[in-house]
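What follows is chain A paired twice: with chain B in the first complex and chain C in the second.
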Partner chain A sequence: MKITQHTTDTTLTLALNGELDASSSVLLDTELSKPEILRTQKVLIDCQQLNYISSAGLGVFISHLQTFQDANVKLVFFNMQEKVRNVFEILGLDSLMTIVPSEAEATAV
Partner chain B sequence: MSVLRKPLPLLSVAVLLSWLALLAAALLYAHPGLGGWQLPQTGGIVLVLQALFVALVFLRERIAPERLRGVDFIGLLRQLLLGSALLAVAGVGAHKLMQLLVGPETISGSVLNTAFYTLNLGLFVLLLARTNYAWRALVLFRATDRLRRQWVAFEVMLGITLLLRLLPFSPPVALSSALLGVLAAFGAYLSGRQKWVAYLSRRQKIEAVLLQLAVIGVMGVFVAYFTSTQPILRLVGPATQNSFLLLNAFFAAMYALTGLLVTLFNLPTAGVFEQKREEILSMQRLTQLIQRGQTTAEVYQMFFDSAIQTTRADAAWLHIEANADDDRYDLYHRLPTDQATAIRELLTDFNLGNLEYFNNDLSGGSFRQLHLPFGSLMVMPLSSSKRQYGNIYLLQEPTQAFDRENLSILQTFASQTVLSIENLQLIQASLRTQRVQDELKIASAVQDSLIPKNLPIDNWFEISSYAVAATEVGGDFYDFLHLPGRRLAVLIGDVSGKGVTAAFHVAQMKGIFHALMQENPLARTEREKFPVPSQFMTQANDALGRCLEKSAFITASLYIIDYEHGGFVFARAGHCHTLYYHSIKEEVSYFQTAGLGLGIIRHGGYEKHIKNQFYDYNPGDVMVIYTDGIVEARNAAQDEYGEERLQRMLEESYYLDADQIKAHILADLHEFTRAQPMHDDQTLLVIKFRSAQPEAGL
Partner chain C sequence: MKQVIRISCNRRNLKVVRDFVSDYLAGQHLSEVLVNQLVLAVDEVVANFIIHANAEDERQFLDVRIDVRDHEFGFEIEDGAPSSYSPGSYQEPDLREFVRVGKKGGVGMMLVNRIMDRVEYSTTGEHTVCRLYKSLT
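This part shows the complex of A and B:
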């Protein structure tokens, strides 16, 4: 699992590369737990290279969901592979989180 | 016959009889006509009887059991001295005392004198035999075969000299003297075999010297006695005839003397040998401690004591530093803590804190400022590849007290200690692991008891189930509950994560299920008596929200099947889609319903994310419900089993019994995942609805 960061004034983009399982989700949790993240307006997750997400990986997003909402930070996923999107949908997360097809749409949200 | 098998008592009797015969012959020889008996005045008979007696005594000693037990040389010497020697001295003493009391003039030539003389001669022979066979045990101690053969040759040659006296003539003096000289030289050569002395400790050596002096003293008493008595009675014949006794006496004295000298010369080095021996013993004790599985503190104490003992340190300090598992541990021996700390700090300043080190002159250099009452210091670290444990500090008052040898033996001690400490830790760790495993087994058994053993049986449907956990305790669950009015509640679900935490939530979920599916006594209508699935999920979400950790969630599906009216209602809370065979449409598909997992939103509003779905089933319909461990099972190429393949399996097997459908799916799943490790729990339920049977009862 590799996480690449890209920051603009209002946006933090995290590109996830590989499989998000129990061990690698710790890395992601560290990134999402940084206090400065709550000062941005938007956190974009680039899922193009994300091949697999386990329930531990989902748990990381779920655990930060409430904090982001309270701080008025939007969490947006884009470029999601069909297989991974299916996992989000089965769990019903698509009704809580914004999942859009492309980066352009993600920036526009 | 039995007597022949015990030659020793037999020989003892023979010795006694031959001595009595010798006594009789001696008396008749010295006092012709005593008691009316007469003996030819040649003395030949006396000599023959004397030779017989001597031969029997030596033979008896030769076959007597080995007197040396292990390396108890001092015991052997004591036995020798206390046994025959004291008895012999008593005999000689009695004779002398009698001469004193009666007066030498009266006694000389008396019958009593001859009797005492013969008695003392017998005792002397006994002493010689005892002594020389005791020496034999010492000579042959750890001896080579060659030396053993030499000893036997020596014995045989001595035996031949015994026969010399039986010759009717006296051999030429030159020949017998040469023979005696050769044998004496042989005896002197054998006297050099004193290997046993090396095995004595310092104290034992001193005792050995005293004992050997005593043995020589006893023989001296006899020699003095015989030289003073000989002129009276010519029992001891010319040298050639008595060469056997002479040679034996010579060897006995020679060996004792050589032994005495060797022991004496060994005394100054005894300390060094003993120290080496002590080192070996300490090492053995230290090694034995490991096998006994003592505590860490005991191993340290043992090491500390052994190190002080072997290096003869006047003061010492063992310092074990604290780490994550253990507290700091210190042992002091006659060293004030402030001095100990000062030494440590000084060494640390010079970056010698954890190195092998010895300094034999503390009065000079940087140590001078500490004003220590010691001259020498030695430091040895205790460390392994895993951990730096600490150091032992040993001090002695004199300067130049330690050497490289001390350092190397101490190093061996230290590594042995570290080895035993780490062994202990391994044992403790494995015990802990064992306990955890035992507890997991219990947890597994408890969880197993939560899985419904008896599936609901009715004529309206068939149920078949399969559940396997990837680890001892799993996160999957399913349960059934009969509700009034021919209804059946079926719950399936999966707790995120694995292991004991997940297992706790499984138990909790089942508790919630049984608690919520109780009849509500306040309900006004029949429909309100039991919660519908979406209500159940909302209530379960509230209950779980208070105790699930932040990143955990649970997926579940609840089905309430009303088989009186041929329909069911279900809600899917983030759980896998239900696979269904519609017998009317002859089609297999997944129910596509929305629904959020439990424990994801915890501050209200969950009810907006969960829906009920109603469906009227037809006889022959098949429902397959499962957990993600089935569809996410992987093959060697890391491909997932997938919903499509599961769907195809039902298409192939929908017409079979529920059990056969389950078997068909599992056979394909196992074929797919062949030889791959299971990484998630797997649960599969197959429910097949059947046509209503009029005679059906509950």
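This part shows the complex of A and C:
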């Protein structure tokens, strides 16, 4: 798993590249746990190169969602492959989290 | 046709198991979404055995077997040790509550149970076996 960051005044974009499982999810958890993330308005997760996600990866997002909401930080996923989106849908997480098709739509949220 | 792989209980081997399962399924003319679901179900059970049942003790081994019979996929994950996991105690978690309290784990078996047609656990002597079944029809 490789995570590439891009920051603007209001937005942090994390581009995930690889497979997010019980072995690699610690890296993502470290990124989302940084205190400065709560000072941004929006966290965009670019999933174009995310080829796989297991419950460990989902758990990282689930565990931070309430903290983000309490701090008025929007968490938005975009460019998600169908097989990865399907995993969110199996659990109904697509109704608890914001998933949009493109970066343009993610920026507009 | 039966395929078998043995791995030590290190979470780095999750990728090895996923590649083993996906390589096998690649020749089965399944959709990418279904292949991913089956790989995920096996990955979740193997992760539970590695991390929770064996505390990542690399001296311990798991055997993963794949079998297709009568239009049904069977995945068998055998742990060399008796598992403390009790499927009888499984209850579907409340995800909204998980979000509220910031819970990090606990949705793996929810995925497995929703993906597979049948999930069976058995313990014989020192061995615990989890069997996952998915019909192709």
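Here, the second predicted complex is superposed on the first by the 109 of 109 C-alpha atoms of A that agree within 3 Å, B and C clash if a C-alpha of one lies under 4 Å from a C-alpha of the other, contacts with A are read in each partner's own complex, and residues count from 1 in each chain.
Going forward, a residue touches a chain if its C-beta (ideal position, glycine included) is under 8 Å from a C-beta of that chain, and two chains touch if they have at least 3 such contacts.
Worth saying up front: this structure is predicted, and the values here are computed from it rather than measured.
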Once the shared chain is lined up, is A:V60 touching chain B (first), chain C (second), both, or neither of them?
-> both
Please indicate which partner A:I90 is in contact with in the superposed arrangement: first for chain B, second for chain C, both, or neither.
-> both
Quick one: classify A:V73 as touching chain B (first), chain C (second), both or neither.
-> neither
Per-residue contact with chain A, leading partner among chain C and chain B = C
Thinking of the overlay built on chain A, is A:A15 touched by chain B (first), by chain C (second), by both, or by neither?
-> neither
Check whether A:E82 is in contact with chain B, with chain C, with both or with neither, and answer first, second, both or neither.
-> second
Determine, under the contact definition given at the top, whether A:S23 touches first (chain B), second (chain C), both, or neither.
-> second
Mind working out whether A:I37 is in touch with chain B, chain C, both or neither, as first, second, both or neither?
-> neither
What residues on chain A does chain C touch that chain B touches too?
-> 22, 29, 55-56, 58-60, 62-63, 65-66, 83, 90-93, 96
Interfacial residue positions of chain C with respect to chain A in the complex = 11-12, 14-15, 18, 32-33, 35-37, 39-40, 43-44, 47, 50-51, 95-96, 98-108, 110-111, 114-115
Seen from chain B, its contact residues with chain A in the complex are 494, 496-497, 550-553, 555, 573-577, 594-597, 600-603, 609, 640
List of chain A residues in touch with chain B within their complex | 22, 29, 55-56, 58-60, 62-63, 65-66, 83, 90-93, 95-96
Note: in the complex, chain A contacts chain C through residues 19, 21-23, 29, 52, 54-56, 58-60, 62-67, 82-84, 86-87, 90-93, 96
